[in-house]
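Shared chain: chain A. Partners: chain B in the first complex, chain C in the second.
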Partner chain A sequence: MVSNTILRYVVDDIAKDLKQTFKEKSIQKSQIAYYVMIVANRLKSQHISKISSGAYVHAFTDLPVHIEPIGSNPNNIAGRKRIVLPNAIYDFHKDGGIDYLSYWDREAVSVECIDTPEFTRRTFTRTTPKESERLYYDKYEKPSASNPYYYRQGKYLYLLGLECSDVATLEIGIYSTFDPLTKIDLDAEFEFPEELLLILKRQVLDLGRFSLKMPQDRANDGIDSTLLSGANDQKLVSVNDPINQTQQ
Partner chain B sequence: MIPVQAVVDLMKAEIDSEGSERYLFDQDFKPAINSAIDWLVFVFNRAFENNKFSGEHLNDLIRTRLWVANNFSRIQYDPAVVGDGFWSYLGIHPEPEVYPVGSLPPAIPNDYTSLFVPTVSFVNSKYNANLMTLEKWNENSDNVFEAGNNVLTQSGLKSYAYKTTVDYSSTSYTQAKEIEIRPAVPGQFVAVTYLKTPDNVNLITDDIEFPDAITTLIVRKSLNFIATKQGDNTTLFAITENDVNSLLKLIN
Partner chain C sequence: MEFSPKEMLTPNDILSEVLRYTREQRYENVTKGFIVSQMNKCLKALSYHTFFTETHMHFDLNDKRLIDIPAGVFNIKEVYLFNGDQCHIGENTANVYWKRNYFAPTGNGSVSRNKGNDGSNGKDPFYSSQSSYSSIARGGSGISQPGTTLSNTTFFYGESNGTLMFSPNCSTYSKVMIKFSGIWQFDDKTPTIPAVTQEVLVDWCTEAVFRAKVLVNPQLFRTIHKDAEMRLGYKPESFYGSWYKAKTLLTKMGGKKKEDLKEYLSRLNS
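So, the complex of A and B:
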């Protein structure tokens, strides 16, 4: 189940538990939000990799197909068709962070329903630059506009089979990571499994306790104090802890 | 507020001078009470520094007023303009809601002049600026995990900081000591909550701007000053010194 909460509630709850809701707080709200993002990304990626569900797929349409011009950056291979991933994705095995990649073949005839746009979805198959060599030797696997392939390099997806096609835009479904700290919206829906909120909170509290454990006299606050923080010691978590057993 | 008359009556009772002319208000009680007030300001300062006591308990002395920050996001507190002696900042509130609703900040005459705006009142703000040391101020301007960073601007994560009072004046920048707020709020309203210094007592009909709860402390400390006239180690001095020390321990 996708969470019913918003990120602000999670952050404020933890800030309250860590007693960090006052002016002279040691941990800023942005830092707690960052903790939440770190832990939430880990737990969510484990959740998605275990459970086949479309609950966390983000779909983007009209992604423009580019042909990179010749430039000085050796990482940008000129002349090949590619798209830019619209968001950071989880780096699952065999590019599993990409749920699907497709385009609309506008020239295909719609048989069943004339009210819908006349297209047929063409879905891309994942490959790698090395594996793609073999594809061209098999007429049933050879990349073409009706049987396109993609391979990933960093934030780019290079396309095989569209070399002689004028497809201008693609549609993609991806498993996005949470937005970076500079872009997150505390009041947006927190796309996180509800059943994992307890584990999320516990692990973020551990991170917060670690910060609060730092001796106060290392902070340059102009006050001479030899007293250390009274925060509880962080408990070591065994690899056999139920947290790790259930999520790994 | 503590009526001066009540303090004087309690002092007279302690020194058993009711109806006598031995101790006069102008010559004895007034200087002693004013000295006790000054002494209390010093003691409370120490308590504030050690986070032992909050200025919010001195509610008779708390004021919130509005300023317009200059183009360098700085504000000058000028007691002559504000009309209150300055003791300490309790809160700096950027982006305030104000009354009358829709009031616009007056235009500042030049880059460096901040304006005190007595015609508009503070209503509310979602923000509070944290005090930052001079070293942290420079180091952390782009640190998203520190208050007052210039990076996070979205609702809920934006945080303000202010730098302690510094004199930036020169022949071309004629302002006295100012605080500075970050992220910058040039030409915008900023609400400042501060503690004013308590006014000195002039007449026996005046009030002392401290909470009623510390009446005993003021009486005992005032008696302590009167005791000084009687010579050191007198009985009155010893008694009041003990009482004052006991009360201070409760505060600290």
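So, the complex of A and C:
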């Protein structure tokens, strides 16, 4: 179940638990938000890879297909049809961060009530540049407009089979990561599994505890540091603790 | 026809089952084309074993009188020459016979190792001056005479390396109809798969997919693959698998049904 909270509540809650709500606090709210993001990305990726669910799929339509012109950057392959991933995605096995990729004629008369929905008719199959060589050996597997393939290279998805077609836009469903901190809206919906909020909170508290402890130990301010801060030196965690349970 | 064309299946009908059994809806380990290709392979194997399907095709006869045998067919059964758009066997057709050793890769050829001139075998019907058969057909006496002139009235062809080479006198006709054994090409949307082969196709494809997946995760798929292999019963062949059942059904298929099937599939070629 997707949580029905917002990021601000999670951050404020953790800040309160860490007692970092006063003016001269050691850990800024943005830093806690950052902690939450890195932990949430890990937990969410484990959750998605384990559970088949469309709860975290982000779909984008009208992604333009373009051909990169020849340039001086050797790391930028020119002359091949491709699209740019609309967002950063989880790097699952076999590009599982891409739920689907398809193209369809947006101007076609909708016949969804009696026929196959348009967007499911021409879905792309994932391949790699090396694996794609074999595809051309068999006439039934050969990439074509009716049997298209894609392969991923970085933020680009290159398309095979559309070389001779004029398909201009694609539709894609992806498992997006959380936005980078600079783009985060604390008041936006926090797309995170409700049942994992507890683990998220505990792991962020651990990060905060570590952060609170370290500065006092390392700073040479001439103060006797025999007595440590209020944070615990050590945190004993059972191997059976949910924190140590990988989701896979 | 003894069956409704609506009973024929498309590759997608088979896929819908195979993908479910193999959990390959996302085509993560095999592609859709791979499975469709396996269907074709299975039907080819059935065709080799049972000759259950025949198909006929029309060809235009070119100046050199050469025809390439299309992919997917084998075992030429009958060849007819005709003019016009329709081939009505017995009405507007001429029989074409296979002539061993007739070789004409450029259109002009000869018969290699002709046995007709040695005096011991003067019955080669493809030589007008020595053929007893062809002279009988022409109302002659049937007495063979030695000679080397190819017959003008007996049409024949040779075959080499996938090319059919027709005799010079065939050029009086513009078209050829050939009956083959063999398998058609699949099309996603055209129902061309006989329903009687549905089970064996599903099992064949399921086994093939699991065979590919065994390498991905031997521990998980080895046992499942063995199950699929037994269910199919192709290698090793068993009497209990769907392969044997399909082979039996196709072998025992009635002549009328075979004719209907041939007619239906051949129409797809035109």
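In this text, the second predicted complex is superposed on the first by the 207 of 248 C-alpha atoms of A that agree within 3 Å, B and C clash if a C-alpha of one lies under 4 Å from a C-alpha of the other, contacts with A are read in each partner's own complex, and residues count from 1 in each chain.
The criterion applied here is as follows: contacts are C-beta pairs under 8 Å (C-beta built on N, C-alpha and C of every residue); 3 or more make two chains touch, one makes a residue touch a chain.
For clarity, every value in this text was computed on a predicted model and none was experimentally measured.
Residue contacts after overlaying the shared chain place A:Thr125 against chain C, while chain B stays out of touching range. Look at A:Thr169: by the touch rule set out above, it reaches neither chain B nor chain C.
When the shared chain is aligned, chain C comes close enough to touch A:Leu135, but chain B does not. In the superposed model, A:Lys94 makes contact with chain C only, not with chain B. In the superposition on chain A, A:Asp185 makes contact with chain B only, not with chain C.
Residue by residue along chain A, chain B and chain C are tallied for touches, and B comes out ahead.
Of the two partner chains placed around the shared chain by superposition, chain B is the only one that A:Ala33 touches, whereas chain C remains out of contact. In the superposition on the C-alpha atoms of chain A, no part of chain A is touched by chain B in one complex and by chain C in the other. Against chain A, the residues of chain C that register as touching in their complex are 27-28, 31-34, 36-37, 40, 186, 188.
Against chain C, in their complex, chain A makes its touches with residues 94, 125-127, 135, 138-142, 146-147, 149. Residues 49-51, 91, 128, 130, 133, 135-136, 144-147, 149, 151-152, 154-157, 159 of chain B are the ones touching chain A in the complex.
Taken in their complex, chain A has these residues touching chain B: 8, 23-24, 28-31, 33-34, 181-187, 220-223.
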